[in-house]
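Residue numbering begins at 1 within each chain, and the chains themselves are lettered A, B, C and D in the order written.
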């Protein structure tokens, strides 16, 4: 078995606790019980390193069993909670007594498993361990309520550890470590990077790439964004990814196009880092490139295809959409998968109009499309919807080749974010308004 | 008014939220209310930056008023807590329902002020702000139960942020930035650093100095330790601080004497960083200096003087101690402040024996002397007690010039720490045992 | 025209000199004349930046014309030299007079072109310019004696600038900048790197790669060496380059095999950096990997094929070599190019013996094979000659697939280097002696 | 004896050569002879390390003896020079033959000692050794022509090594290493730094400090400049050095006053680094502080006092100067040393006028005052001469308290430098012209 955490522990912490570990055939859960009753912090960390190593050496079944133990055996005690709740009920109006009773009840409601998560944090590479543990949890939890409660606990802890104020924004260039660039190739989620040559093109002089890093996992990007500097707003993808296209002199660019944003750590799902990344990068570019004044995304529309299929199938079309369609809805639907026909200009106007409607439709205050919801929450406006913008198989499969631009206007971001959050208001450009007319 | 946080915010985050801040003559508390109802995280941070700047510009009275608001107006709602407690009581045995009810009750027990603390964390320099805020709180709280509850909340948050796994251990040398060394001069708490020449002597080739740093406040040491490399155990202080003493070749040293450990951030009181610092430094030295095999402190005994005064005044002396005294207890007590007489060898044996008793006396499982309690908790053994070890006025005032050595034996640390924590067991050397006989 | 040097000059030096540059249609040589009569060093550098930019923008013909001007128009003045020689002849015995006359004659013998080379050095990126200028010179000089004299001048200047004491040794790993690794792929001269995966294999945990850098061209490797850590001496290449081979735990390696050493800058031909690189890397590995005790190369034998062809053609074979041959020399020669037959084991013993003779044959105190001469000059011993060691087309073409190991024994290097330099002594292992018997 | 160089050599180069060093009672010069006949570069460097260590361990007498050997025993051979000169005379017109003969003569004129200097360069810390060797040479050479020839050789080698293009410009701040700041205190040559508090004042937010460094001696500043950012031109010193003066907001400064420039390495005398330092710093400040548009020095006038004494003594005064004097020249002269009287306003106008005349007087194309000559050579103009500008004892002793401002106008620097170099033209402001009227 690998002894990664124990070996690192040796290098950083004290020695000698291992003599205390007489594992015999005790289960890992007995080891955890032992840890939680120890007083010496070094011993606790050393034993936690043993648990970490065993966890990493285990297969999925054993990992799920361990997580299950954490979520059930090391969870709140119903008895303790009830006792503390009664004490609070009888605490009366005295501030001191009531404060103490509240603290006690909150302590009873904090599961012992949380303490183990905190001890893990103190190990070398412990933060990465927590992130990976949560990735396992999300993968293995199914709908088990105990595991989901453990997940909520872990997510809250990670949200504190990964507070934006603790992260470091770094520019990534062709001078960055190859080991880091290799990770970008691996993690790129929106438009796959084919080769080192493709990557190099994305790091050319007219490109920018930025990522957030956490000081406790300095070689692991958390989320990164790819940007093209252009003259005018780029509305379609292929020219941006064309390796043979000449570079634009950055001093002649007036627009920054955020064409890909990818999360690298599945274990940080639900910890929103993308919003802060976009906003910090916009500020960075404003400061560094005084001539760039327009900040816009070029974004996929992952929810469009199932939605438009449904509209065509059921015929839920406006009169104008119906007029724009070059054939019966059912026929259009039937041939949409046909590559040649799918790129046909004749269906462009109708699908663009449908897409504009899709992107401005909300349900319960949230835009139907998750990417739209992300950017609108951030305070962006829907600027353009473009037919034939992504002719890759993926692009055609998810949105019939359509893509959207969202516009970030620094001075309007705050009010738009607030309006969308409170009233579901979706700001659109005049171009989009025309599509909707 | 300085606008430190707002200006930094500009550089890192978005812009435009300031237009939302129509302060008029609203109090800071209204601003906090506003923040907590906002949805856009950037707006929240920008408004929090305004609060931070106002706080830093305020005097103590206004600061206490702000803290008081946090601790009362932005605290748990009795009504919400009671409602949630009732729901839990009626949740029954269903795991899903009970889990949800527990989470809701815990949320109700988490004060809104905590959310503001989390938002502060996300500001540039926000971590330092939290540390300074807590230093104020400790200074201004008196015995107010609400402020003490706020302090408990803040301490818990800082304990997570300052987890040892997130800290960086750095060696400090004469090549370190002058601005950092200046801080050591300011923060040294045990044996004051008189001048840059004194400091340079403490960073000579036969010295080592290490400190912990937090990545979000990289130029602020948190706690630092000063070490002398010696041939044999140094039992008295003056020779270590003698600037004219020749340097020992580090390759000929067999002992590392930890003669000073100082905390730099009052706001981190109760967040124990010293223990981890000593243990990591011991490991570092073991690895780097293969000939150094003894790790020992040379420590002050701050609690001795009041205790021994009391013993002499009330005559609570063992027969042996009484025999060793060169005069009546009352007379010894009367003359202890006399510098000349106080250094008199004739009273050394008796006071050394008394000191050994003092250092090995516990109350409620804790050694009476706080420094002794710290090292014994860490797993050290009491190794020596030396008369005339610190002849400075401070040294004489706090412990009649006596000092103690605590021995850290890497392979025994864990078990001794556990034995002291569980049973109050204080391990002593034979030399100390003889003093107690 | 690119204005690289001028733009950089602006950033570093003063401004305003450009107003002095009224080029009109003066040739670059007039500009050089102008520079050499100027007094202000900033003006001189600014004008030199103009020359540098024009040079870089020129084609080969124009470059050669410029170099020709340097080597003829800005060369020593015969009149000045003769005058100074006469003055020296008449200086007599007075030390002061003679010293002055010698200095004056030496000054007259130093061509003005040298001064321009010194001014180039002071430009940003000027060192790289000199290196590239010399690469052009070597490529374009043919046998022109004036250009060769200019080359000698430039080489002497570069030898001073690239003194080993001024270079920085850096380890190259998979964490190095991609832009740097890309250069390794480009520069590898011995065994071509096929792909990024091939390169990553060469930077695995059981590999080491080191390069020299000059502080004035920090992102340009000068010469690099690739090393495999092995258990026992590796005598053949393919297993080292096998990407699918498992990594050896470096703690279990006892041998470091230097299997490729490549110069990156053609303009530094004749400035020997390889020797120092090997010796420094041997010391570095001795210090860092205490278990590695054998340092050996796995080297190509580029001169073998033409030599052995000649031996076989003319029948200059020893009796033993003739006995070992499986067929008539002429027949062996005729079929050596046949890939299948060339790998035939039957001819191995004879060709191995011939190769051992080739590698130990000197002419004028130098081994015939240039690689052998390099390692023997450095103080290495010829350790092994292996049949079938490099089955690549290149390997077969240059040495019928044979490779050699040269052994660097740290404590014997100095005396062997001296013996080889003075007496042409070639030290060989017993294995090689047997081949020669 | 310290073995600094040998120990470092071990770490970097090979081992084993020491066995070759059978010093016995051979002199160091025999060791040098040995080095120059060796072939293996590693052995040469190792032996040179022995020489370096012996040199550094020697006293001044032994050092001078060693330098004397270098300058006499390892100097050019009269016989070789004469032979080569004859060969050149008989080379005729053939380019190849003549080029070869010239190269041979130049080689004969290059002393063997030069080769040793080159080998020293290759040692770790060898560049610093050369610099220190030259400092010794300048100190010990007296008027010995052989030693002065050695010095010329060494200076030429250092001028190549310390070419401005190879140096690194670094800003020095209060965050710089204490060990570096300590050196500034030591090296400040113009206005002594009294204490760390004085130094901290000189590194405040309204100050700037820059130095040149050589990559082979990275912790040794070569030359540094101290600058105050001011609103308007500062004409007197004391307010700049007043530690209690409030800092100016750098954004409100319009002028950069270069009030001290100090060389740190006596061994680099004659290698002009100050000019490039001033010019690069002016460019740096222009770029970083867009509001600073005036670049001016506040400079001492070290040659004034002896000159004005002479004028007063001999009565070489213009009518106007005589009119301005409040008393007879001899009487003024007699009382100039009297501190109280020396500061008397009544003599200010006369001495200021005399000083203006002094600063604009040249001899052989060079201004009489060395500081004036330096700045005028760089292309500066004499802007002001101020009475009472430096009231320190040093200031009064060297220039009766007068100081000068020299103005660097980026767009005029080149032409003024050229005009001063060619025609001795000294540009002055109208204010200075009035003083001269």
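Quick note on the criterion: a residue touches a chain if its C-beta (ideal position, glycine included) is under 8 Å from a C-beta of that chain, and two chains touch if they have at least 3 such contacts.
Quantities reported herein were computed from a predicted structural model and do not represent experimental measurements.
J.: Could you find the chain whose CA centre sits the greatest distance from that of subunit D?
T.: A
J.: Where the centres are mean C-alpha positions, what is the separation of subunit A from subunit C, in Å?
T.: Taking the mean C-alpha position of each chain, the two centres sit 50 Å apart.
J.: What is the distance in Å between the mean C-alpha positions of subunit C and subunit D?
T.: 37
J.: Measuring centre to centre with CA averages, how many angstrom lie between subunit B and subunit C?
T.: That gives a centre separation of 59 Å.
J.: Could you tell me which residues belong to subunit D and also touch two or more other chains?
T.: None at all.
J.: Name the graph shape formed by the protein chains and their touching pairs; answer line, ring, star, complete or other.
T.: ring
J.: Pairs of chains that touch, anyone?
T.: Final set of chain pairs in contact is A-B, A-C, B-D, C-D.
J.: Within the complex, which stretch of subunit A touches subunit C?
T.: 174-182, 196, 200, 219
J.: Looking at the complex, which residues from subunit B come into contact with subunit A?
T.: Subunit B residues touching subunit A: 10-17, 19-20, 38-43, 46, 76, 78, 81-82, 85, 88-89, 95-96, 98-99, 102-103, 105-106, 109-110, 118, 121-124, 126-127, 145-146, 148-149, 152, 157, 160-161, 163-166, 168, 215-216, 272, 275-276, 279-280, 282-283, 287, 377, 379, 410-415, 417-418, 421-422.
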